[in-house]
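Handing you a structure now.
Chains here go by letter, A, B and C, matching the order in which they are written, and residues are numbered from 1 within each.
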Amino acid sequence: MPSLTRPLLALAAWLVFFAACVATLSGDWASLFSAGSARGMAKFVGDFFPPAHDPEILRKVAAGSLETLAMSWIGTLIAAVAGLGLALPAAGRWGGMAKGTTRLLLNGLRAVPELVWAALVVVAAGLGPFSGTLALALHTSGVLGRLFAEALENVSPEPYESLRRHGVGAAAAFWYATFPQVLPQLASYALYRWEINIRAAAILGVVGAGGLGQMLHFHLSLFQLHEAASVLIAMILLVTVVDLASNRVRRALTS
Amino acid sequence: MSTHLRSVSVAYGTGGRALDGITMAIGPGEQVAIIGPSGAGKTTLLHTLASALKPGEGAVTVLGSDPWRLSQTELQRLRRRLFLAPQAPPLPPRQRVVNAVLAGRLPEWSTWRALRSLVYPADIRSARTALARFRIEDKLFLRCDRLSGGERQRVGLARLLASPAELFLLDEPVSALDPALAQAALQVLQGEASARGASMVVSLHAVDLALARFPRIVGLREGKVLFDLPRPAVDEALLIELYGSELCNSFQAPPEHQAEALPICRGCV
Amino acid sequence: MRVTDTVTYKDPAWHTRITWTVVFLAVLLPAGWLAEFNPAVLWDEANLRTVGHFLGTFLPPAHSLEFLNMVAIATWKTIAIATVGTVLAAIIGFPAALAANRALSLSALTTGRMAPWAAAVRWTVRAVLIFLRSVPEVVWALLIVRAVGLGDTAGVLAIALTYGGMLGKVYLEIFESTDVEATRSLLRNGAGRTQGFFYGMLPACLPELTSYTVYRWECAIRASVIMGFVGAGGLGQQMELSMRMLAGGEVITMLAVFVGLVWIADQVSLQLRKWTE
C-alpha cells in the first residue's frame, strides 16, 4: 500500500528530527516539571503581585505608553515616505538596473527584524526611543517599499501615459495620474503597518530602544517586579486596545 | 504647420495590419471626421497622428516635424502642442474634477507650479469656464468616480479646452452622450478649434453626426482609406461599401432629413 | 451657459485641508519630542567614530572554522527551540481548543444551550488563550529568563506559551468552521464525545490544522532568533553577544545565516503545507 507507506515514512522521519531537537536542548526537563520547580514558579509569579500603582509609576507608565505610540507613529511615517521613494525605482520606473538594486535593498531591509535593527541602531544612536523609531523605520521601509512597488506596478498606466503623450513631464504626470490612483492603497498599507509597529514598539525596548519595553527591562533588571507588573499590564492593554480599534476601523471600512 | 501621413503602415502584435498604406494630409485649421466599422483602425490612426505609436513603415509629419527623428526633449515639446483624447478619459477615480481638468494645463506649467496646484488649484476660474461650456460646472469639486460615464467624457473634453493644444485628436469624443448633448459638445469643440486655428481629427461612430458637422470625411476600412472626400461627395453607395450592405439593410431615411444629414445606420452602427 | 460674477472661485476643500495639516503638525511635534527625534545624534563625532569602527569590522565577514562551527551549532539550536516550542504549543493549544469548542457540547445538542458549568469552563479557557497570546513572545522570554535562567529552555517555554495561545485560538476557529453535522449526527446516535471527535471532526480538520501548525513553526524560527536577544538561547543570543562586542564581521555572518535560515524555513513550510493539503 504505497498510499500508507509515504505518510508513515514521513512520520518516522519527523520523529527522528524531533528526537534530535529534544536531545540538543540543554534544559533539564525533568526538574523543570518537578514539584520544586512548580513551587519556584508559583513564587516567581506571586512576586509580581500586587502591581505597583502609586501615582509616580502610573505617570511613568503613561509616559512610556505615549512614547511607544510616538515611536510607532513617527517610525511608520518615515517608512511610508522612504518606502514611496524606494518603490519608484523598485517598480522599474528608472530602468532594470535601478530596479534590481532597490529590490535587493528592500529585501535586505525587510529580512532583518525590527529588534535586530534596534540592537544595531542602538550602537549608532544610543539608548532611547530615537533608536527604536529608526529601527522601526528601517524594517518598515523595506516592507512598505515592496508593497508600494507592487501597487505601482498594478496601477493602470493609461492616465500616466495619456499625460505623457501631451508632453507633460514625468514628475508632474506621476503626481497627477499615478499617485491619486495608488493613494488609497498606500494609505491602507501604511495604517496596517502602523498597527503592527505599535506592537513592535512595545517590545523594542528590551534591547534599550525606548518605550514600554525599556521600562520593563529596567524594572526586571532591578528585580522591581511590582513595577514590572504594572508595565506588563500597560503593554497588554495597549496591544488589546490597538487590536480592538483596528478591528473596528476595518469593519467600518469594509461595510 | 502641416500634418500628414505618407504610406503609413502599422502592424498588429499578432501579425496583420492595423493600418495599411495610409496617406493623408491635414491642413492647418482643417476639421476631419474619420468613420468606419469597428476594427477599421481609427484609434490606431489617431495614435499614430499623436506620435504615441511609431509606424512600421511610412513617413509621419506632425505639425511640421517628423516626431521619430526628434530627440526625447524635442519630442516632448512637440507633444505639448497636440492633445489626444481617448474614448474613455483616463481619469484617476479619486482625483477631483478640478485637478483632472487643470491637468490639461500641465504642458505649460513647471513641475513646481503643477505640484502647488495639487495643494490649492491654480486656476479654478479657467477649469470652471471649460466645464461650463459642457454644462457640468457644478461638478467642479466632485471626485471623478462620482460622475456618470457621460460626465466623465465631458470632463475629458474640458481638459482639452484647458490645454494649449493646436492639434485636436479625438477618439469617439461623444460616444457616451445623448444625441442632443453630442451635437452641442461637438459644436463647442469645433468652435474652440476654429477660434484657435487648431486642426481637428475626430473619429466618430455616429455617421449622421460626422456628416452633419464635418466638411471632410475619411472612410476607413480594414486599415485602408476607402474614401477621403468633401462631405457633399459622400453618398449612400460609399457608406454601404464602407460598412458592408449586410449591416445596413435598414437603410431608409426619412426624406426631410436627407438634406441636412444622412441619418443612416442609427440602429446598426 | 454663462458664468456669472456671483460665483466664487474658492476651493471648498481648503478649510478641511488646513485643519488636517494643523492637526497633523499638532500631533507630529509632540510625538517627535517624545520619541527624542534628533537625527543630529547620528552625526555626533564620537558616535560617528564608533559607528565607523563598527562598520569597518563588518568586512570581511567572520569565517574562521571555529566560529562557523559555533554558528552552525547555534543555528541548529534555534531550529530545535522552534520545533520543540511549537510541539509544546500544539500540546497546549489542542486540548484548549477542544475544551472551548461548542460543537462537541452534549448539552447544547439536546437543549440548544450549554450547561452553565460547561460555559464557564469554555470562557475560562478562552480567556487564558487570549492572555497567553497578548503578551509578546519576547516579553515571555524576558520573564522566563528571570525564572529559569539564560538558555534554550526559556526560548522553548516562551514559544510554547505565546504560540499555545495562538494555536488554541486558530484550532478553535478551524473546529468551529468545519461542518459540524457529521459530528453532531455521531453524537446523536449515541457516540461519546471522544468518538465523535476522532471519527467526525478530526478527519475533516486535519489538513488545515497541520498546515497552520507548520506555518507557526516557520514563524517560531524567526521568533526564536529574536528571543535570543534577551538571552533565550540560539543564534540570537550569539548575535547579541557579537553586537555588544562590536564584532561586525561576526554580526554580518550571523545575519546572513539568519536570512538564509528564514528563507529555508519558508520554503520547507511552503512545501509541507502544499503536501498536507
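One rule holds in what follows: contacts are C-beta pairs under 8 Å (C-beta built on N, C-alpha and C of every residue); 3 or more make two chains touch, one makes a residue touch a chain.
These numbers were taken from a predicted model, which means no experiment stands behind them.
K.L.:
Identify the chain pair with more contacting C-beta pairs: A-C or A-B.
P.N.:
Of the two interfaces, A-C and A-B, more C-beta pairs touch across A-C.
K.L.:
Where the centre of all protein Cα atoms falls, which chain's Cα centre is nearest to that point?
P.N.:
The chain sitting closest to the overall C-alpha centre is A.
K.L.:
Mind checking the centre-to-centre distance between chain B and chain C? Centres are C-alpha means, answer in whole Å.
P.N.:
57
K.L.:
So how far apart, in whole Å, are chain A and chain C when each is placed at the average of its C-alpha atoms?
P.N.:
Chain A and chain C have C-alpha centres separated by 10 Å.
K.L.:
If you average the CA atoms of chain A and of chain B, how far apart do the two points sit, in angstrom?
P.N.:
Measuring from centre to centre gives 51 Å for this pair.
K.L.:
Give the list of chain C residues in touch with chain B in this complex.
P.N.:
1-3, 7, 9-14, 17
K.L.:
Help me check something: in the complex, which residues belonging to chain A touch chain B?
P.N.:
156, 158-159, 161-169, 171-173, 175-178, 180-181, 183-184
K.L.:
In the complex, go through chain A and note every residue touching chain C.
P.N.:
17-18, 20-22, 24-29, 32, 40-41, 44, 66-67, 69-71, 73-75, 77, 111-113, 115-116, 119-120, 123-126, 128-130, 132-133, 199, 202-203, 206-207, 210, 213, 216-217, 220, 232, 235-236, 239-240
K.L.:
Which positions of chain B touch chain A when the two form their complex?
P.N.:
The contact residues of chain B facing chain A are 50-52, 76-84, 86, 90-95, 99, 103-104, 106-107, 109, 111, 114-115, 118, 163, 165.
K.L.:
Quick one: which bits of chain B touch chain C in the complex? Just the residue numbers, please.
P.N.:
Per the stated touch rule, the residues are 96, 98, 119-121, 124-125, 128-129, 132-133, 135, 137, 141.
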